[in-house]
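Before we start, here is the structure in question, set down as structure tokens.
Order of writing sets the labels: A, B, C, D, E, F, G and H. Residues in every chain begin at 1.
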Amino acid sequence: MDQNYLRELLNSLKKDEITIEDTIDILKKLPFEDLGYARVDHHRSLRKSQSEVVYCEGKEPEQIKGIVEALARSGENILLTRAGKEVCAALESTGLPLTYYPSARLIMIKQRENSVLCGNILVITAGTADLPVAEEAALTAEFMGNRVERLYDVGVAGVHRLLTYQDMLDKAMVIVVVAGMDGVLPSVVGGLVDKPVIAVPTSVGYGASFGGLAALLTMLNSCASGLGVVNIDNGFGAGYLASIINKQSGSTVK
Amino acid sequence: MDQNYLRELLNSLKKDEITIEDTIDILKKLPFEDLGYARVDHHRSLRKSQSEVVYCEGKEPEQIKGIVEALARSGENILLTRAGKEVCAALESTGLPLTYYPSARLIMIKQRENSVLCGNILVITAGTADLPVAEEAALTAEFMGNRVERLYDVGVAGVHRLLTYQDMLDKAMVIVVVAGMDGVLPSVVGGLVDKPVIAVPTSVGYGASFGGLAALLTMLNSCASGLGVVNIDNGFGAGYLASIINKQSGSTVK
Amino acid sequence: MDQNYLRELLNSLKKDEITIEDTIDILKKLPFEDLGYARVDHHRSLRKSQSEVVYCEGKEPEQIKGIVEALARSGENILLTRAGKEVCAALESTGLPLTYYPSARLIMIKQRENSVLCGNILVITAGTADLPVAEEAALTAEFMGNRVERLYDVGVAGVHRLLTYQDMLDKAMVIVVVAGMDGVLPSVVGGLVDKPVIAVPTSVGYGASFGGLAALLTMLNSCASGLGVVNIDNGFGAGYLASIINKQSGSTVK
Amino acid sequence: MDQNYLRELLNSLKKDEITIEDTIDILKKLPFEDLGYARVDHHRSLRKSQSEVVYCEGKEPEQIKGIVEALARSGENILLTRAGKEVCAALESTGLPLTYYPSARLIMIKQRENSVLCGNILVITAGTADLPVAEEAALTAEFMGNRVERLYDVGVAGVHRLLTYQDMLDKAMVIVVVAGMDGVLPSVVGGLVDKPVIAVPTSVGYGASFGGLAALLTMLNSCASGLGVVNIDNGFGAGYLASIINKQSGSTVK
Amino acid sequence: MDQNYLRELLNSLKKDEITIEDTIDILKKLPFEDLGYARVDHHRSLRKSQSEVVYCEGKEPEQIKGIVEALARSGENILLTRAGKEVCAALESTGLPLTYYPSARLIMIKQRENSVLCGNILVITAGTADLPVAEEAALTAEFMGNRVERLYDVGVAGVHRLLTYQDMLDKAMVIVVVAGMDGVLPSVVGGLVDKPVIAVPTSVGYGASFGGLAALLTMLNSCASGLGVVNIDNGFGAGYLASIINKQSGSTVK
Amino acid sequence: MDQNYLRELLNSLKKDEITIEDTIDILKKLPFEDLGYARVDHHRSLRKSQSEVVYCEGKEPEQIKGIVEALARSGENILLTRAGKEVCAALESTGLPLTYYPSARLIMIKQRENSVLCGNILVITAGTADLPVAEEAALTAEFMGNRVERLYDVGVAGVHRLLTYQDMLDKAMVIVVVAGMDGVLPSVVGGLVDKPVIAVPTSVGYGASFGGLAALLTMLNSCASGLGVVNIDNGFGAGYLASIINKQSGSTVK
Amino acid sequence: MDQNYLRELLNSLKKDEITIEDTIDILKKLPFEDLGYARVDHHRSLRKSQSEVVYCEGKEPEQIKGIVEALARSGENILLTRAGKEVCAALESTGLPLTYYPSARLIMIKQRENSVLCGNILVITAGTADLPVAEEAALTAEFMGNRVERLYDVGVAGVHRLLTYQDMLDKAMVIVVVAGMDGVLPSVVGGLVDKPVIAVPTSVGYGASFGGLAALLTMLNSCASGLGVVNIDNGFGAGYLASIINKQSGSTVK
Amino acid sequence: MDQNYLRELLNSLKKDEITIEDTIDILKKLPFEDLGYARVDHHRSLRKSQSEVVYCEGKEPEQIKGIVEALARSGENILLTRAGKEVCAALESTGLPLTYYPSARLIMIKQRENSVLCGNILVITAGTADLPVAEEAALTAEFMGNRVERLYDVGVAGVHRLLTYQDMLDKAMVIVVVAGMDGVLPSVVGGLVDKPVIAVPTSVGYGASFGGLAALLTMLNSCASGLGVVNIDNGFGAGYLASIINKQSGSTVK
């Protein structure tokens, strides 16, 4: 709650520009817009200082269209995650400037330019099959104004491959490591650097990978310090966390 | 691998100050000290830019003493985690400057002063029983040169308690949230701030908490963005990650 | 077993209006109707004081039709849960007054009016994707004669959203809270009210949500008191339990 | 937040009895008492309309003593759960009126009389080994002003045992059913009554009971409607939920 | 190994009708027929005293046809389990006397009459959705020469339904109880009878039934004695076990 | 409920030897004896045709003593399972004829002789460490009047060991197979015989045996037909089930 | 890193044929070919002394084609695993010599002849449904130059079937045992031989096989010594491990 | 079964030196020695070509003593695993030449010298806490006649540590890699070598390591080929498997 706004409100009350009961009512009314099936929260971008994000899975395309139209009125940029083709189709009639990334299942609606943050975010994958999740992370970070470098398919089956990219590791402010199957790569990267590593397990694998559980447990139990883990296949969450860490570092590039 | 060292080495080779075979040998010999049961790695603090950390669980007190004595020769600070009383007793004869935190099971050996980082780290707990893990996180961060604030026992059973501390949330550079049982607190904190939140599940609880699994899953599935999760009861890992995020932000306090 | 009925029966026996063997037979014959594949229990609505409910999953449409026709003869209202379109189609030829709710997968057959209970039931969801389960709960409660209010998409990612609806929380006799992913919302609601909260985990989510397990465990381990939990996606069970709690409170509205 | 209090506060502001800045400060200061390790929340009993409850597991006896002394100043009744002997010993010097129930691990501190609620709560166990959890539920409900009946050791191995107690089932407003091993009893009770049943799985059992998981799953999947489930061994939660359901029914006994 | 056969063989050896090396070879050659992908074991029906059973899941229809034709040459009856329509189609050209039960996914090939065993096997289900598994059990037992009675849809949601069928319970030699969801019925039946009960969990259910795991655990932890449990949905195994128990009881009917 | 008793009762009613209200009362009063903490069911041995069994785990020694004394008045034999030394000590003052088997944790109280059943029960173990569970099974079966043979330590690590005991396998009416670790033995035995095999997983093992879960799953998934599985370490349940199967076979020995 | 190459490089440096900075650059540049989505590692076959293997699951057919074309330039043999028809189709236009094994989902590209290793590898399956995994193992081993014998469908339901093949067991250098459901066969084989056994659990089964978990746990807990276990359905891994064990034995056949 | 022995036996039969019935009896009597609780199998060392191994967990010290004395009569070497101090004490009175390794919980009884195998076995650990399991593996391999090298505490937190030991990796015939927590090390080693790697997960860790499950799953899902996995903490099994692989390679050292 904003103290200035509160101060003005109480001032108005004191000046009899507003009654006590109205003041109470105002204190209760927060600026939601009600679509029936979803409460659109226009102040979210102020409070969380970010553009809007809509998670599409489990929502009807028509519901998503309604939410997006309500959000778009504010002129904000909007990111839609886990968005299938049918979502993209439903949004076309809105006339909003869409970009669709089918492999990452992301839709970006860019209505204004972000300023670009200084630090680099490096996104690494163990294998080629981890690309969709990695792209979800990388594109999310780019959407939020970060410069992103990609280093794909450097899995531990040949750890020497990774060692040749020490420069990229050194240059990054935050590193996102995406890996399925044994989920070993974040531990190896974490042992080589002295910066935040965000570990993203993927559901790539079969048998005793149990849909990414094996990779998740590997990362949670990592012997390397400095790792934070996100949910299986949660590329968006990793990109988002990387971005707010990068933002904390302000304008300085180490 | 340090390029300057490499350059000097190759220069010496060129100047015939060293033979090819000796050069190969030197390239292979890395500066380990071998205690038989543990390889003490003196260059770790250079490479990872941190003081040394010794994880005590599963090691014999005499083994730990040997490791600590080897490390201490470098003049580094040393942090011992998961250290019981018997470890403390075994170290006493070393004459090193020990401080023991029994509830957090930490031992600090401070041989030189760290410079202090600017940003605050805020450590929050849901309940009183989460204190040992929270203290492990807070003390680790302090050991690594961070200023730490503590906000304990503000669990969601009374979410209004937390809302009265918005100022502390605003001031912090990174927030560590420690919670057992339902593990709900990090989600609530994550919904209120726009900065990195490190979520630490604890094994506090009974029945279907399954030793912290319930809290862990809650945190991994959080609807709030910007969370990174560490292992159950891993206060050290959370403090360490918070510290390197804080360090990335250099000297600026937002 | 009804003592009055027993008393009359024994009286008849004493008056030689019935033989001992017939008495024994009557004591054994309970009023089932046998369709071969399902025993239709006409007295259930007396015993449990409710209308009839048919769980459709795993039953053939023709079986369901037979069961419904047998039940309908009594003039009772009938609720069909987990009913797909093919069930709806199979029932059309019965000429019974059907209403189909496809998202909630419910079919209501209303042959007589329920009296309406006084207390309100409030159904809350964390997100838009939880709507089908929430509607199953809300419609079930309405079918059983309750007034239902809905408060959807007030998830904890913005907990302040919920706080603006304190009035609705205060007015309700029982609250049903439906949430997937981290399942955090029931804990937050439970911390704000002093009335029964029925927590319904949903299978909304991915990765380590493990089909709703994460949300279920969160709710079972809630730090807030006064929660009763039902099975994952069991909107019907939540609506039913809310209804019989509401019914216990008789005609008084607090 | 209490509207009356808010109204008075704003009135004082209007009457210049208080400044704007002080009003803002008051709005921010909530009535916590800070013990360093635990925030004691004196308004909780108003907000949740209950006496205070202290969960003891994982807290140091001295911490608990401090919390209890702070709470006791308000004259409230206090219930301590999961309290071992050492807690009881630590509290003796406070001079407060303690009653200790070692099997249920409860301590009651009664400083004033509750009014007694009209409806009965019936607590049923499957076996003798479930008694500690059942007593935790029953004593909690009694502490909160409910009349409690107990029906112990009527497990399904002889389901006819239960049928002879139909009268007790009929008389109760809410029924708590406590069962370990196969956890079958709540399903059977739920099939016989038309009132809220709170199912409490216990960790009684061995092998594939997996610490109460088997009983928990049985109850969550119950074919009988009207069940709400609480955590394994959570007698307190069951007694608490039963009590607030009973309270909703006001003064009428059906 | 049959001692008589061994005796004759050794006699032949002694009488020089066979050489030592040939004797060794005969001792090694067991009467398999090799189809490349499956070893058809003609002596199985002698050794296990049963007709042949072919488990179809995961086998190609053409493979199954080959196996059946090889087995059929012996004139034995053959039972095919988990058989889809495509298996039935593949077998039609064999000209063997097939009967297909699509719901139970069984195909019977009866080339000769079994003698009928005296004791009854009673197959009970909790719900209508458990019928396919129950029929798999019942038909298997009938195929093996047992008289089978069926008592379907007597689940515990109305336990009184079951009590009216005490006669059927009393008459049976073995009882097979099939139940999904909470899996409570075998415990209730087991508490009412003094004879072997074979408990069959089914995958009927949703959410925390975890594909039948909940029902399986309930049955394994049953408080009632005298239960043997088979795999989830394993109607065949239950019918087979019931049959060999019934066979042990010889010609007497109790 | 016994029809003869009912018939006599109704006769008495008709003859005015008893009033209607008394008849109703008698129908309701079942012959329990109430000890407060446990309902002792004297008719159980009639209904289930067995001696009494008391499961001791989780019961106080004094409670057990009370239950045993109440049961003993009927002159029945009593079996106490999961009985530690302290139970044995508590029972000594009763003067009842106790035999204690510490490894199997059984206490037998024999007040009268059972008739001996004809068929043999064979109890097999994979290893020496499975003996306590096997003895619990064997002694339970002997207590219930069965002749028991034991074949211990014939695990599959040397499957040829088992083949040399084909005679014992052939002679038995029912076979109980007890195995921990991989739980392989019941599958092998089940492949060699054509009679009921009761599989008992034990918690013997370490690591991925997960307290017997591995052995349990092996047995439930057995490729051999004719297996019924009981809970982990449930020797009593296996002995009981074996006994009632043996009893079904009446007086004939095959 | 190859010492000879290093020696030559340093020699060149000494002879001024190369500068220090170029030497440093060469030490850093490893011979990868970068396709954007996958780093093709031409030196892998030297380092690991094997042909190339491409795991196809989760990769786009066009990506796979690109990888294969890059690898094929070296003249190496290439094995593609988990390859569906669409992969085969995508590779056709490359003109490379493909052989496709649809059941095993393998594609072999043979550009040169391997020398054949002396020792035999024996691949055994429990059932016919395990064939695809077994063929993946067998074909992988053949691709790597091993002679492979197959012994299929000798599951433990008839353990005597296996005993007749002692000769094949004796002749093999390594044995791969493939089994689903109870996963018992590797334990039995392991008890009969004194050579390395590679156990491969398959996902064949239903219910409590939990996608191969049951078989996996059986094998990990095997009482027989000398077993190494690979992932569920990992026929490739088993064939690969068998091959490198066989290769270690050089040219001698025991 | 030994064909020569069989041949002689049948020859004796032919020469009338033995009767048919005696021949049958001999064929049935295998050379077991029966101690009541354990069948001692003197021919095991012939059949499996190894010395004897006794697994001590769950066996009484007196039972173990009996087994050892029976085995020792053959003059074989004996290895006792999972042996606590009390086992050592019980064996002292036997006068056999014992060596006790308390950390590895092994007892060796060496009655004759093994010939030494040529190839090296290398045992690697990730951390110091993995030593007991690693020593169990190393000592087992030495007991079986292998030369063993140890490389301890080279965990991935500093993967460069491992790279400096490429020589040791190159020299070994088989490598055993022991790791707890994240279990990453075997994947890294497997990526560096082209020889059999036996991966041993340990229970070292806490929280989401779930007693070694995390490490186990990591290893089973390893992206590196050529790994065989054994049970958690199964150092013995790893040493045994390494030894028989080494033995297969005969006398040649590559």
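The criterion applied here is as follows: a contact is a pair of C-beta atoms (placed from the backbone, for glycine too) under 8 Å apart; a residue touches a chain by one contact, two chains touch by 3 or more.
Not measured: the values here are computed from a predicted model.
**Q** Any chains in contact with both chain G and chain H?
**A** The shared contacts of chain G and chain H, listed by label, come to A, B, E, F.
**Q** Quick check: superposing chain A onto chain E on C-alpha atoms, how many degrees is the rotation, to the nearest 5?
**A** 180
**Q** Just going by residue numbers, which of B-G, G-H or C-E has an interface where over half the contact pairs are the same as at C-D?
**A** Going through B-G, G-H or C-E one by one, only G-H repeats the C-D interface.
**Q** Any idea how many Å lie between the Cα centroids of chain B and chain E?
**A** 59
**Q** What whole-number Å value describes the gap between the mean CA coordinates of chain B and chain H?
**A** 38
**Q** Going by the contact rule already set, what residues in chain A reach two or more other chains?
**A** Touching at least two other chains: 47, 127, 158, 207-209, 213, 216, 220-221, 225, 231-232.
**Q** Can you give me every chain pair that touches, using the contact definition above?
**A** Pairs flagged as touching, ordered by label: A-B, A-C, A-D, A-G, A-H, B-C, B-D, B-G, B-H, C-D, C-E, C-F, D-E, D-F, E-F, E-G, E-H, F-G, F-H, G-H.
**Q** List the residues on chain A that touch chain B in their complex, please.
**A** 1, 47-50, 53, 119, 166, 173-174, 193-196, 198, 216, 220-221, 225-232, 236-237, 240-241, 244-245, 248-250, 252, 254
**Q** Can you check the complex and tell me which residues of chain C touch chain F?
**A** Residue positions touching the partner: 3, 6-7, 10-11, 13-14, 20, 23-24, 27.
**Q** Give every residue of chain H touching chain A within the complex, in rising order.
**A** Interface residues on the chain H side: 126-127, 155-159, 181-184, 187-188, 190-192, 205, 207-210, 213-215, 217-225.
**Q** Per the contact definition, I'd like the list of chain F residues that touch chain D in the complex.
**A** 1, 28-30, 32, 36-39, 41, 44, 47, 55, 57-59, 63, 67, 82, 201, 203, 211-213, 216, 231-234
**Q** Applying the document's contact rule, which stretches of chain D touch chain F when the two form their complex?
**A** 127-131, 152-154, 158, 160-161, 164, 180, 204, 206-209
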